[in-house]
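What follows is a pair of complexes built around chain A, which joins chain B in one and chain C in the other.
And now, the complex of A and B:
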């Protein structure tokens, strides 16, 4: 009885359709948001912000994106890495070609104008330009994702996954082969230029980890909210209908073409955004090495381990896949002084890596055997247990 | 219970039901799969507001007939006239737009979704909010969700499935799944509702419930119903007219009493003595 619906009565459909129906849930999410936005930045080290939390949040956006496509709409994709790359490269091209809003107007009209820089409610709207760039790059990724989603109209399941591999190999090959994408940078690696948002530097090598972390955190929250909203509305139900029984879906009036392609587009938008953040906020450069097929698999594992078709699962999966190896590494390294005190040989660096792989692999198998529906389902079961505690029936 | 609902069946029958114009006419339909003729020269019509039964032994082509009507199969020959318009090829989602609803012989629910979401999905054609409105869940998207939720709750009340509203349908017992599927079809507010063996595999009590829902839907919503059913008691009791198929051909067509006495139908169901 620690957690229960009893006594919570909704008197309107609006209250019953809220994302967090129970007061406990609302308090919990408010608590976690305060922890994430205030407590963590003030307390943890730059290492934790840069190497643990920021990549976790960025990959959570990618997992949300793939979850839209695979979890909600049932279309398997192995092209995630490529769409992340596309997001990264498109952001780079847009950011370098259009450094500011006045540059965009200048290139459209041919007249260089010095735009006024108004301040509205303490915000300079033109200082949100980088956000507009990210959205633009996301939209380009969405269109390309839609094109690569066209085979889904005829092909299902594993066969579709193989056609999305085409996207993976073709796009990465394109970015290596065509130097235009990196502005003819000699090594094929494009350094991320510094950009500010609301007066805070969020990209570039010199930007403070806290800025980057808060920027990514805000975008992750927005992405999660967007996915949650869409999936509780008409479009989301159309996706799930196509996933669960496409013939019946078509017979109640859902157009499979529109449902599948909108899932590909929205999914690619989020994945492109994640790819852009990975390049600009995490690794400070745009390069194909960061977007290989392994990334595609990694995001797919996040979605499967976390839980297909749940927003929470995308976060749990991303946390598991990104954080577990790092934490294992830290834990095993921390054992060394103890081993030496006992007169045993310490773990070598390579050995730690091997043990890390073995434990990580075993954990994946363990979780998939315990709960094939993912970590999000484990949380649901835990909630059910809390609901009936201490008298389970 | 309200007095009107408790009225005896005979009174109710005389109250509202009016069989009107021809709603759908199929003309000389022939459907072949390679060399196999699933349907040969089938013609019949369905009138506005009636309950039309399609019966016949296994493999007679009954489900194929429904699939032809809602555009899932395309017949090689023949014409289909629906609401006065003779149509060319039509995709199932276009049929849905024109008011043809459908349930399936083997339940085709969205198993990962709750009862509520399944029936809400039936409202898809009536919702018009743009994608961005749904992303932010404001304005039209939210208004539509709430308005259609109210409509869906009326169907949930009508089918008496309030208690399973938030359960995933995959875990429901068979009889309830059939009922949810009927709910999803009713949520589309169909003009013509095609029911493929709505009572297959049910016990007597569940069948009686289902009959009541079908009759009520027909009466209260004025839905025209075409149903395939094997239970002859049910067919003879609730349908206005019956068409009998066997081996893809039409054997008989008429009121239940006429069909019941037709020698060809008796032969098809009971076999012919060859002495």
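And now, the complex of A and C:
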């Protein structure tokens, strides 16, 4: 009763193919977009913006990327951290080598040329260079991802997962050992240079949290839209066919080579973008510490706990994996005064970390047992309940 | 040509100049390889009979080592601390079967794999919460000095002037004993035979009255034993701290190389990886690539091998049908 398809008639092909076919869905998504883009930046504190929402959105992009590969195409990967690192380092190299579009033209042609830079209503419409850099870094990551995806043509399942670990350890080692990647920065930590977008500073230590948040939010929405649409078209369907049974898919004329490699490339593009944002928007520096094997597992958790092969699941999974440890930490720290009042020893910082690990591990097992198809499935169940309410039979 | 001279002739010449050094490296690599193999055996035991890819094996080694080291630090003698730590692993096996695996019966391999990663987190956090996060030492009086081969009759007979780490020899000996013991267990004991039946066909095994749940406890307890042995041997070489889990990750390429279902495969895979990665590190990595190549060499080595044999060297052939 509350939520139903009945009575909604589509009179055009476009309406029938829409992502959100029901008016209710459209209102809901518009509501959430307004909340995310307007209400949250105006109301919540900078701490919430920088430490909770921004990392959540960045990791949601990474989860979307891995979901393309693992959820839609069925190829297990444990190299996510390395591809994020690649995105970060490539963005850094491109940003420092090519500070502006004029520099690119200058280096290509040898002619120093100043591009026009008009200011309209206080913003610079041509000031999108950083976006171009991000896309460039993403494309490089996509090419490397494609190369590391080549073994998937022959190797399957858990065997493939172990070969992707080669990417994880080799790339991270490379970034540590070759100082060229950090422009010879001391200790291998390269500070992220400040960059603007449409006249607003989005990276660097001095950029306001709201700018960063809105920048990441816009990119996350674009990424989600891209994934949703790509998976609804021919390429995406070929991915799912490969996932469900690769031999059968090959027999009906789907090329596994093209399907798998395109999934690797698209997935690596998004993961590289997430890695670049993590370095430039979240931690303000490019360093390998941020991209260890643990990150690879975290992203895999997001995809599996959220729900394989769903866009909504990537967001739910990212929220769970990013926010749970932070909330646990806050919760356990908040218990301390109470414990002291009872005469019990307070939790030390290290102990909180250990307990966090335990609860996080236990929660993963719990969710896998309660809902093996992921959190996104809960929304499906909720929709079904709302459809049949108040007569659930 | 110049590249060929630097990257091929140079290291090979160095190996030819000092054959004793090569022998030393090979023995050291063999020692490392058996350490990886000890962890990999634990994986294989579980994978073979339940199809669970147990990512928590590394954490189990860490947990066993922490328990053992912690109990020793409390002042218990090793003959009490050892069985207690082993008992903890058995208790853990029962709990895993009851709490995590039983509700997940019939789920996809990926779900079970993720559950074991959850177990891995849980174990690491639990172990550290009890025994503290500082690095521990696990010294049970196992020999760990170096031997000079020339001091012995066999060394003189072979004309070997090399230094051998006793811990390497210990690892090799323990590994061989483990494999032999497991072979006898699987071949001749009642439980071992039941486990092989389960590995062959779950449904058929159940239909002849083999209780699956008990068997699962048995495999987890067995791999807990493997983890305990690995922990004891590893304790002679390295400190007990969480980075141990990453080191235990090396067992993954080892067992992929050997084939997921073969215990001898795990040992041979361990030898291949242990020797080749140490040779590469000594003769190529250190002089030419800035060192620390052991971090990734094993993983990269598996790729060409798997491209030729996708099921690993000794794994069961994968047969796919539509």
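Definition applied: the second predicted complex is superposed on the first by the 361 of 393 C-alpha atoms of A that agree within 3 Å, B and C clash if a C-alpha of one lies under 4 Å from a C-alpha of the other, contacts with A are read in each partner's own complex, and residues count from 1 in each chain.
The definition used in the following text is that contacts are C-beta pairs under 8 Å (C-beta built on N, C-alpha and C of every residue); 3 or more make two chains touch, one makes a residue touch a chain.
Nothing here was measured: the structure is a model prediction, and the numbers come from that model.
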item: Chain C versus chain B on the shared chain A, clash or fit after superposition; value: fit
item: Chain C versus chain B, contacts on chain A by residue; value: C
item: Superposed model, angle subtended at chain A by chain C and chain B (C-alpha, nearest 10 degrees); value: 80
item: Touching partner for A:210 - first (chain B), second (chain C), both, neither; value: neither
item: Touched partner set for A:238, first chain B, second chain C, both or neither; value: first
item: First, second, both or neither for A:353, with chain B first and chain C second; value: second
item: Touching partner for A:230 - first (chain B), second (chain C), both, neither; value: first
item: Which of chain B and chain C A:17 touches, first, second, both or neither; value: first
item: First, second, both or neither for A:248, with chain B first and chain C second; value: both
item: Nearest Cα pair across chain B and chain C, whole Å; value: 6
item: Contact residues common to both interfaces of chain A (with chain B and with chain C); value: 245, 247-248, 251
item: Interface residues, chain C side, partner chain A - complex; value: 53, 99-100, 103-104, 107-111, 113-115, 117-126, 128-129, 132-133, 246, 249, 252-253, 256, 260, 289-290, 292-293, 295-296, 299-300, 302-303, 306-307, 310-312, 318, 320-322
item: Of chain A, residues touching chain C in the complex; value: 76, 151, 154-159, 162-163, 165-166, 168-170, 172-173, 176-177, 245, 247-248, 251, 293, 297, 300-301, 304-305, 308, 350-351, 353-365, 368-369, 372
item: Chain A residues touching chain B - in the complex, by the definition given at the top; value: 13-14, 16-17, 226, 229-230, 232-238, 240-241, 243-245, 247-256, 262, 266, 309
item: Interface residues, chain B side, partner chain A - complex; value: 70, 72, 91-93, 95-97, 101-102, 104, 108-113, 117, 120-125, 127, 129, 131, 134-137, 141-142, 144-146, 149-150, 153, 184-185, 188
